[in-house]
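Following are the structures in question.
Two complexes are shown next, each including chain A; its partner changes from chain B in the first to chain C in the second.
Let's look at the complex of A and B:
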């Protein structure tokens, strides 16, 4: 974010715009009128008010400049945006607005307005990037009386660079489990089996949890399995994964369970009891993983 | 400790002092400073001074070694120092270690402590993406490449199976969160003081690791908590009503893993907590009906339900009904986590829950259960764990 690392005193400089005007002597392009109220209500699916007044939430309709742009903007507001642009905060997003309605607006009301730069936030770090929030407050009047207030907030920010997709976490391979991962690289799923008592075991360990036997061989999994449980991951995000995604605990007929991803269905369609079939996913040059595809017809 | 017989530890030691820092999201202090401040506060509470201390116990995960804490508090020579492993599962076991030391004369006054900047520093909830190829690292290596990377996700796998087995929806976890937050709402020390939630709030909170929602997950905290343990004899000469260690136990299950015990049993219980429960009941001669209130480890709500079943407060699959309709709240079937728990008060790896159990025995909790004389406390769930029964001196 080097181009958004402004000089010392930058915040003091932009904060000085607080209280300065953002628009002066603005006039609505049209008076409040019935056709606009009707079009807006139809577009928004809003009931047409029976007394012919404008729905209060239309407030901004009567002040917007239209396609021609922001002719009513004041010098200070443009200067503030220009200063932020120059400091590298050259992207903008509207974040929220708050409105107050003093009285109903009726056809024929002519709206005039002024706007003030109400606040400029300190530097904030957001998911979009680092920037400053700017809040303006527009006061709307008609016939000399206040009819409403429209408070509008934008974030001027330096877009965070998009991270390259990260690598998946690697298996943790050591002398006790290397046989499993060697098998996976040959597209074989190997389950340990105690040669003393015949108990299958997973995860891989040097001895048997049933009889303590230290001798073992391996059985190649047949490849069929059933979803025993599953989780849908939403938060926090990790570089190699795009949430939401499902992770399953798969039970194999050989008598063991293992964690794996389920393929062939969207994350929200994974269910306990689903029959699945082993396959091998080549994740990158160095990593192949066993995954389970939901069987056809499920 | 025994898997089959009552042990001889029960009733011979007591917790005589408790002390904590404030619980915050950014302490602005080092973890060692937090530990030292908590230890000093606990000694002040007990009416003891650092020179009285000859033993210190903490967690293997703690970053403040006993010798550093001793130096910075004015504690001199130590005849006993120990650390307990397995994250939050260590909590009650630190007290057990201290009790073992003071009842055998290995030490006279032992302080147990845990302090961290878990919110502003290293956040456990941010997950694990790499482990060294030790046996411990390899155990987690079976799940990491598939994207099962966070404590919430490891708990969620068992929680999903529990819901499936008993025909429940994720809403079944709501009453646990609501009870915690109700209690926190009246506890000024709680982060969520005056911020109760409703079942609707729970049901509307966003997914973290389905079936866990945001409000099923405990908060993250900066802070420290310490507790002072000495023999029951010496406890009688001190200023506070002793919280007698009626029973203390550790437990690990068969085919136990740390948080990822997916390969055993039916995933609907916590066998390691079953080991703890059997030993606590056996040594104390008490049962679930004798407990006035409980502090059940609540980093995630589903395991509170499973603990109710492991301790026999209700039958298998009945905990959701037990917890419903305010069952875990003050005035309910079993008031649980009267300080607000780790969801409501603070996440201090269970140590703040032991302090609450002490306050209940003393009669000084902000959410006091009338005449509470027997309190159950548990440590981290989903890991090898521990538990305590605290009570009043006869």
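Let's look at the complex of A and C:
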């Protein structure tokens, strides 16, 4: 994250901004007016209110600074943002908005607003990175009466570094399973078969689960299969994988089931019973894996 | 204008007619002008990508205001909205093609709040490209 962890007492320092003003007696640049209402309704694709009033969701519009930027923000808010920037929390994203509409606004209403820094959260770890939530509340008035409230929360954060995609884990190849990986390198999926009782087995093992026999030969899989079951991985993330992704248990007509990725459909379209076809995915220079592609037309 | 939905005829669980809102780059340019929010992440692809976004994204306030149309269209009066709050959970990514993005909105009456004020709370479900883009999206609206 940041170059340095924020100094001790940092949170106390930024929390002290709670209750301070972010704007005092700010004035809307223009009174509520019909052209802006019309532009808004056109952008939102809805009809103009027949009584000429502004749609309530325009509330914040009447406080915006327009093209030339903010002029009437008070010191404390900028100071707070500056302190967060300096501590490495230099990215910002809006997280919440709540509005209350006390009465409809009509052309001619002149909006005056005060804003207060309502809360500064303790340090939080989020998906985007570590940071602090800042909530401001803006009270809007016209002719001395309250017309609405606009509460807005942002996250000031230090963006989490993007991790370079990791390598897929390597298989552990030993004397018991070398035959399988040799087959994969020739783009063959080999299944062990007990020469004593004829039971196929997968994954590769030194002995037969059925009769205990240690002699075996191999059968080359035909390549067809069916999704017997599957899971969708969301968490925990692993460097080589981008969640969510589906991991399937594929049943082969040779009489075994194996775990593999399903390709050719998004993770949320994998279904039990889907016919799939073996193919070999070249992951990198050193690794090829058997995967199953959903059959065309499914 | 007066709300055309009668409070007495609404129950908790009443579903509102859903809404699909198309959003193109043109929509965002219109909204920037109408709202006064000219942040370049909402119209400049190069800038948006430089700050780590996948593409230009819609204004959160646009998504918020658009979504609540499911309520105000139902009620027939934009002015009937009393309170409205959302959480911005995912950005609405708007590619520069003919299609842009679609915002899908549905709503359900969660509770009848006040028999005298004739207000109900509507909970909204707002998605785009299969992802929830607004969370805890709740509107309080006054009915007839």
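One rule holds for everything that comes next: the second predicted complex is superposed on the first by the 246 of 298 C-alpha atoms of A that agree within 3 Å, B and C clash if a C-alpha of one lies under 4 Å from a C-alpha of the other, contacts with A are read in each partner's own complex, and residues count from 1 in each chain.
In this text, contacts are C-beta pairs under 8 Å (C-beta built on N, C-alpha and C of every residue); 3 or more make two chains touch, one makes a residue touch a chain.
Everything numeric in this text was worked out from a predicted model, so none of it was measured.
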| item | value |
| --- | --- |
| First, second, both or neither for A:24, with chain B first and chain C second | neither |
| Which superposed partner A:96 touches (first chain B, second chain C, both, neither) | second |
| Chain B versus chain C as contact partner of A:61, first or second or both or neither | second |
| Chain B versus chain C as contact partner of A:83, first or second or both or neither | neither |
| Contacts of A:51 with chain B and chain C, given as first, second, both or neither | second |
| First (chain B), second (chain C), both or neither touched by A:259 | first |
| Touched partner set for A:42, first chain B, second chain C, both or neither | second |
| Residues of chain A touching chain C in the complex | 36, 39-40, 42-46, 49-51, 53, 55-58, 60-61, 64-67, 91, 93-101, 104, 151, 159, 268 |
| Of all residues in chain A, those that touch chain B in their complex | 168-174, 176-177, 202-203, 209, 228-236, 238, 240-241, 244-245, 247, 249, 256-261, 272, 283, 287, 289 |
| Complex interface listing, chain B residues touching chain A | 125-135, 137-150, 153, 156-158, 160-161, 164, 206-210, 254-255, 260, 262-263, 267 |
| Of chain C, residues touching chain A in the complex | 1, 21, 27, 30-31, 33-38, 51-52, 60-62, 64-66, 68-69, 72-73, 77-79, 81-88, 130, 136 |
